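The structure is given below, and queries will be raised subsequently.
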Amino acid sequence: MDSIGNIFKITSFGESHGAVVGCIISGFPAGVSIHIEEIQEAVNKRKTNQYEYSSSRHEEDIVEILSGLFEGKTLGTPIAIQIKNKNAQAQDYEELKNIYRPNHADYTTAMKYGHRDYRGGGRSSIRVTAPIVAAGDIARQFLQQLISLQVIVYVNQIGNVQIENKYDYTIFEKKNFEIKNNLNCVDDAIAEKMLLELEKVKQQGDTLGGEITCIIKNCPAGLGEPLFDKFQSIIAKAMFTINTVKSLEFGAGRKSIAMKGSEMNDEFNIINKQIVTKTNHSGGIQGGISNGQDIYFFVGFKPISSIQQVQQTVNDKLQETTIQIAGRHDVCAVPRAVSIVSAYTYLSLADMYFMNLPNVK
Amino acid sequence: MDSIGNIFKITSFGESHGAVVGCIISGFPAGVSIHIEEIQEAVNKRKTNQYEYSSSRHEEDIVEILSGLFEGKTLGTPIAIQIKNKNAQAQDYEELKNIYRPNHADYTTAMKYGHRDYRGGGRSSIRVTAPIVAAGDIARQFLQQLISLQVIVYVNQIGNVQIENKYDYTIFEKKNFEIKNNLNCVDDAIAEKMLLELEKVKQQGDTLGGEITCIIKNCPAGLGEPLFDKFQSIIAKAMFTINTVKSLEFGAGRKSIAMKGSEMNDEFNIINKQIVTKTNHSGGIQGGISNGQDIYFFVGFKPISSIQQVQQTVNDKLQETTIQIAGRHDVCAVPRAVSIVSAYTYLSLADMYFMNLPNVK
Amino acid sequence: MDSIGNIFKITSFGESHGAVVGCIISGFPAGVSIHIEEIQEAVNKRKTNQYEYSSSRHEEDIVEILSGLFEGKTLGTPIAIQIKNKNAQAQDYEELKNIYRPNHADYTTAMKYGHRDYRGGGRSSIRVTAPIVAAGDIARQFLQQLISLQVIVYVNQIGNVQIENKYDYTIFEKKNFEIKNNLNCVDDAIAEKMLLELEKVKQQGDTLGGEITCIIKNCPAGLGEPLFDKFQSIIAKAMFTINTVKSLEFGAGRKSIAMKGSEMNDEFNIINKQIVTKTNHSGGIQGGISNGQDIYFFVGFKPISSIQQVQQTVNDKLQETTIQIAGRHDVCAVPRAVSIVSAYTYLSLADMYFMNLPNVK
Amino acid sequence: MDSIGNIFKITSFGESHGAVVGCIISGFPAGVSIHIEEIQEAVNKRKTNQYEYSSSRHEEDIVEILSGLFEGKTLGTPIAIQIKNKNAQAQDYEELKNIYRPNHADYTTAMKYGHRDYRGGGRSSIRVTAPIVAAGDIARQFLQQLISLQVIVYVNQIGNVQIENKYDYTIFEKKNFEIKNNLNCVDDAIAEKMLLELEKVKQQGDTLGGEITCIIKNCPAGLGEPLFDKFQSIIAKAMFTINTVKSLEFGAGRKSIAMKGSEMNDEFNIINKQIVTKTNHSGGIQGGISNGQDIYFFVGFKPISSIQQVQQTVNDKLQETTIQIAGRHDVCAVPRAVSIVSAYTYLSLADMYFMNLPNVK
């Protein structure tokens, strides 16, 4: 239950305000060169305080690799990753000890476990994804040494502000998906509108959700299993582990509900002696298996729960009360979440790669 | 890779045109009374030919329990379920032997495995879900003997025709979610419009998608794990194993992207000495764990791929060609898919129930 | 709990007196030629009634492959194997319904599950290994198409009668491990003594145990994992699933307890530009990983429990009583068990082969 | 591959001469009081330098619990255990960089992984069991809060010196299995002979093996699964993960090979309204499931490989050479291994306990 992946497995540990957060990578082959500075860079991108509307909890997030690496190469043994929690201010949470914050995991954790660490979300904190992002970069380095695939991730919507037609990403592809703003939005003009919206909502002590586009380019055909471990099942399982994710669409997604089969079907043709599809409504996956075309999906996030306004709630003595959350919280976590979406995508791809190994001639 | 579930596991086997399709249930306790006629009833609901717009492949779909049951009760040993393929008309597929049907799994299966069973989708056929539906009913019988939870599933959209506000199901709850039409649509008036749409599309030799609402009532608090096996992750993994599913939303889902935190947050209060939420935008799940409120989610299906029109495609000799699919296929599979959505939901719930056992006092 | 193997998995189902016994093979690649007649032959060798001192339950044991094979080659999808129970004489067991036979699983099954199938051992019957033997032959066929390894299995002891020095098998290797007797004993002269012993014990209505030697020749170096899935751990887990197995030794085994390190250590040298060991006390495994030398181990079986003598026992009403087991039972099951030891060895090897794939350059 | 256990899982990480060794415990319920000082005590018992004939590598072995514990109780989240490697003297190993030590994992690790950490056994070092022993004590504390079972472990043989009849432990039970010597031998007089033997062998620069008895008292009936996860299979898998273990016997073990069924069978009778067995040759397990009687088994260890004598060997350039191992090594590791045998037994029991939960009424 603390692991994800079938063959390339990640086992996570740590709570938000414990000593460390970390994870173990299992199933990784020996002899792969790993660049720690690139891992650190990936983790830095995830960090809070990257832009004005993120939490003010400052963590250095130094990635430590405790095992599995020797002289710059993997040993084939488990890779243990650890990031220390340094800036944990538990006192912020003392008054929340017996109160259940609305939409947080406080109440459900209490119902499930009885005993809980009330400091800052404990195990349910998004902080546990920091070492996952590190693991994701290890998966990326491995895959990119073998195959030239690339995961592209950007924000397409924050609150009500969205890019024009999220399903058609070709306009941004022409510009190499270049991002020039702190919000990780692919469209600079839209990003400015998002900033205005964020400023307004910040003043209200409120929060906003958003949506992220993820595109996998150059994914080889044959990844994903025909029934339970379909490509989209593996991705979906991973994406819905991310806090506040509430929706997911693959390819034409929700749009396809109202399309006819004749509009939806991606006819095949031959270009340069390669089988390709003329359109790509199915998002590069057919029957749960990649077909060599671009894979793309959309991950929707609800607004985060830690608003600054007074809210009605209850405590563990079954009394009604009110709460106003202090602490250091994001207005919108979506721009930071691109790192997490990217990491889980690379981790999923690595797992599918290993699952498919017996079939590779 | 052929199994789903962590503790309550389903291992599937069989191809569309092989001798049988079946599955094995593992991790099921002894002494549970199982009514085979109820299982059969569940499988019958899934069958083709339930309504006019479904495939004309007639299968009796007699459920055989080969092991794990003795004198009407489970033995605690694996329960093997088998359904024979009787009406498999392989000759329908002979001419498709070397051609890749657009949007089918033909091409990706060939890329992954090399050797493939070209008869009717093989392993990728929706037919493999028949024994899964049987297994789902066993999970249902087990859960309903222990806890009073209930899974309600209905069609909310076919093609462009949809019920008014899918997120607010209270209007239908007042009528006990009663279904009076073959399309399994919760709104009778809308169902009539859907039928008109289906008739029109059938004439065109085309197909339609749709969306299904799933509601879990009386789900106990505490199901789902805090990180990787979140309630929504387990459901998502299962739902995306269903052919043609392209989108999934939990609770306020895509609507929540544009909501503010103050609108989204479900404040707690006390009713009858019970902690409940005033609203339920989070769909009964917080931090990946059920909170005792209704759980609800929406599963979106693209139109099925087997249209009757001529399509451009290619064969395995890398030649462009055209294809017109004969065979016996649905115009819209969504009304039948309610059985599958329901089955996977019960299976997921059973798995979460067992995963949570060590924490139950 | 009903599966064995990490990547190449076997999921078993069926009871002794149910409709069928069977298993599902998962994780097997596509395009492998499988000869069904060879599988049948392997299962036939396991069957009762191969020699005079085995059970008189006559089962045809026709192996049916229900899925995963198409035109003689694997599809990469799960391979379902089924063997029908035809000669199940449940009436033999009616009087044992409430009585716990000494050393059988009757009592422990009742304690664990409450509800039990009292007919002939149910799930605990050795009969469930019939489809495992079939699966083992599929593993054998696969491995022998890839690498030239070979598993050699023979009886080295029955009751008090044993071959001279079981640890030194070179004398029998010189004769190609040729077996010329029904007892699967590698030494013909000893086999004759064993037959005398068996005859004597049969007259007494008693039973005998024995020991089996298993040798793996041409096993490539690198199989087995350094910690938990050591080569010997995987083999040990499998061997101790076999009913009546009570001991296991690898290489010099129990003899090594009294050896000094200087006697035990297998020094390396170079022969024909290959690294080999001068001796092989470690049995071809070092640090849990195969070293390319012969692997060998010894599996010890206690006498089977179904003796024909009157025994003291109890019933499920907590009353003391006596029992005399009728039914059809072996005097000694060890000669038949060679098939099972061989099958589990091939299955274990296949699993280790797939686990090691990521490391193969 | 880096985990052991089905539900109560241990995931290990770390190399002998890396920064740390550690493990993650998954599947542990919340609210269990854990005493860290007891864990530390268990780990101290395992440490080197407990007696004169053990390695002189001095490690403090301070157990750090990094997650999963809060205010002295478990959180239901993964428990991360870490022990720092402080006294790693890598220079001892510099000259062994390219040489394969006989019977060590050097050669097989090189064959499997190519790239290897040549310092002190890397992943194959017995040092990785230190955190496992800590995890085992957590399992012990949990089980002993629930059920009164007890694991008793002692040395019964070192080299040629052994206690009189290892199968009959009642003589020592009468003395409460009291141990009064550094060798963890249950018989004080025999321990003195063992010391003489060890002294002699130490002078020769040689090493000795031995055997450990493990007894589980008050194990509830019903643990273990009927087929693949038999009680003995789970124990066997665990025991053979311990370096240098070469043999394992349950109950009458190898002695039972030469017993008749009528001698072997443990007849049932009623004592104090409880079903018990008159004898216990089957070692408390029938059909893979515990029967409530004492469980006992014997774990045999070959002598350790690091002898001080000159040995013939080869290097990675395929040249023959000689080696004389310096470093700090045990003469006999068996007295220290009692901690490891005990830990794996508690871990196995905890896993079986959780596997059996669905069947507990």
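First chain written, first letter: the chains are A, B, C and D, and each begins at residue 1.
Definition applied: a residue touches a chain if its C-beta (ideal position, glycine included) is under 8 Å from a C-beta of that chain, and two chains touch if they have at least 3 such contacts.
A quick note: this is a predicted structure, and the numbers were derived from the prediction, not measured.
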item: Residue-number overlap at the subunit C/subunit D interface, same or different (half cut); value: same
item: Greatest separation from subunit B - chain, by CA centre; value: D
item: Interface with more contacting C-beta pairs, comparing B-C to B-D; value: B-C
item: Approximate Å spacing (C-alpha centroids) for the pair subunit C, subunit D; value: 26
item: Centroid spacing, where centroids are CA-atom means, of subunit B and subunit C in whole angstrom; value: 40
item: Subunit B-subunit D separation of Cα centroids, rounded to whole Å; value: 47
item: Of all residues in subunit A, the ones touching two or more other chains; value: 1-3, 12, 27, 29-30, 76-77, 112-114, 123, 226, 359
item: Subunit C to subunit A touching residues, read off their complex; value: 7, 27-30, 76-77, 226, 354, 357-359
item: Contacting residues of subunit A [partner subunit B, same complex]; value: 1-4, 6, 12, 100, 102-105, 107-109, 111-114, 121, 123-124, 128, 157, 159-160, 201, 204, 206-211, 221-222, 224-230, 232-241, 243, 245-254, 256-262, 264-270, 273, 275, 277-278, 281-283, 285-292, 300-307, 309, 311-314, 318-320, 355-356, 359, 361
item: Sites on subunit B touched by subunit C in the complex; value: 1-3, 9, 11-15, 18-22, 24, 26-27, 29-31, 64, 66-68, 70-71, 73-80, 82, 112-117, 122-123
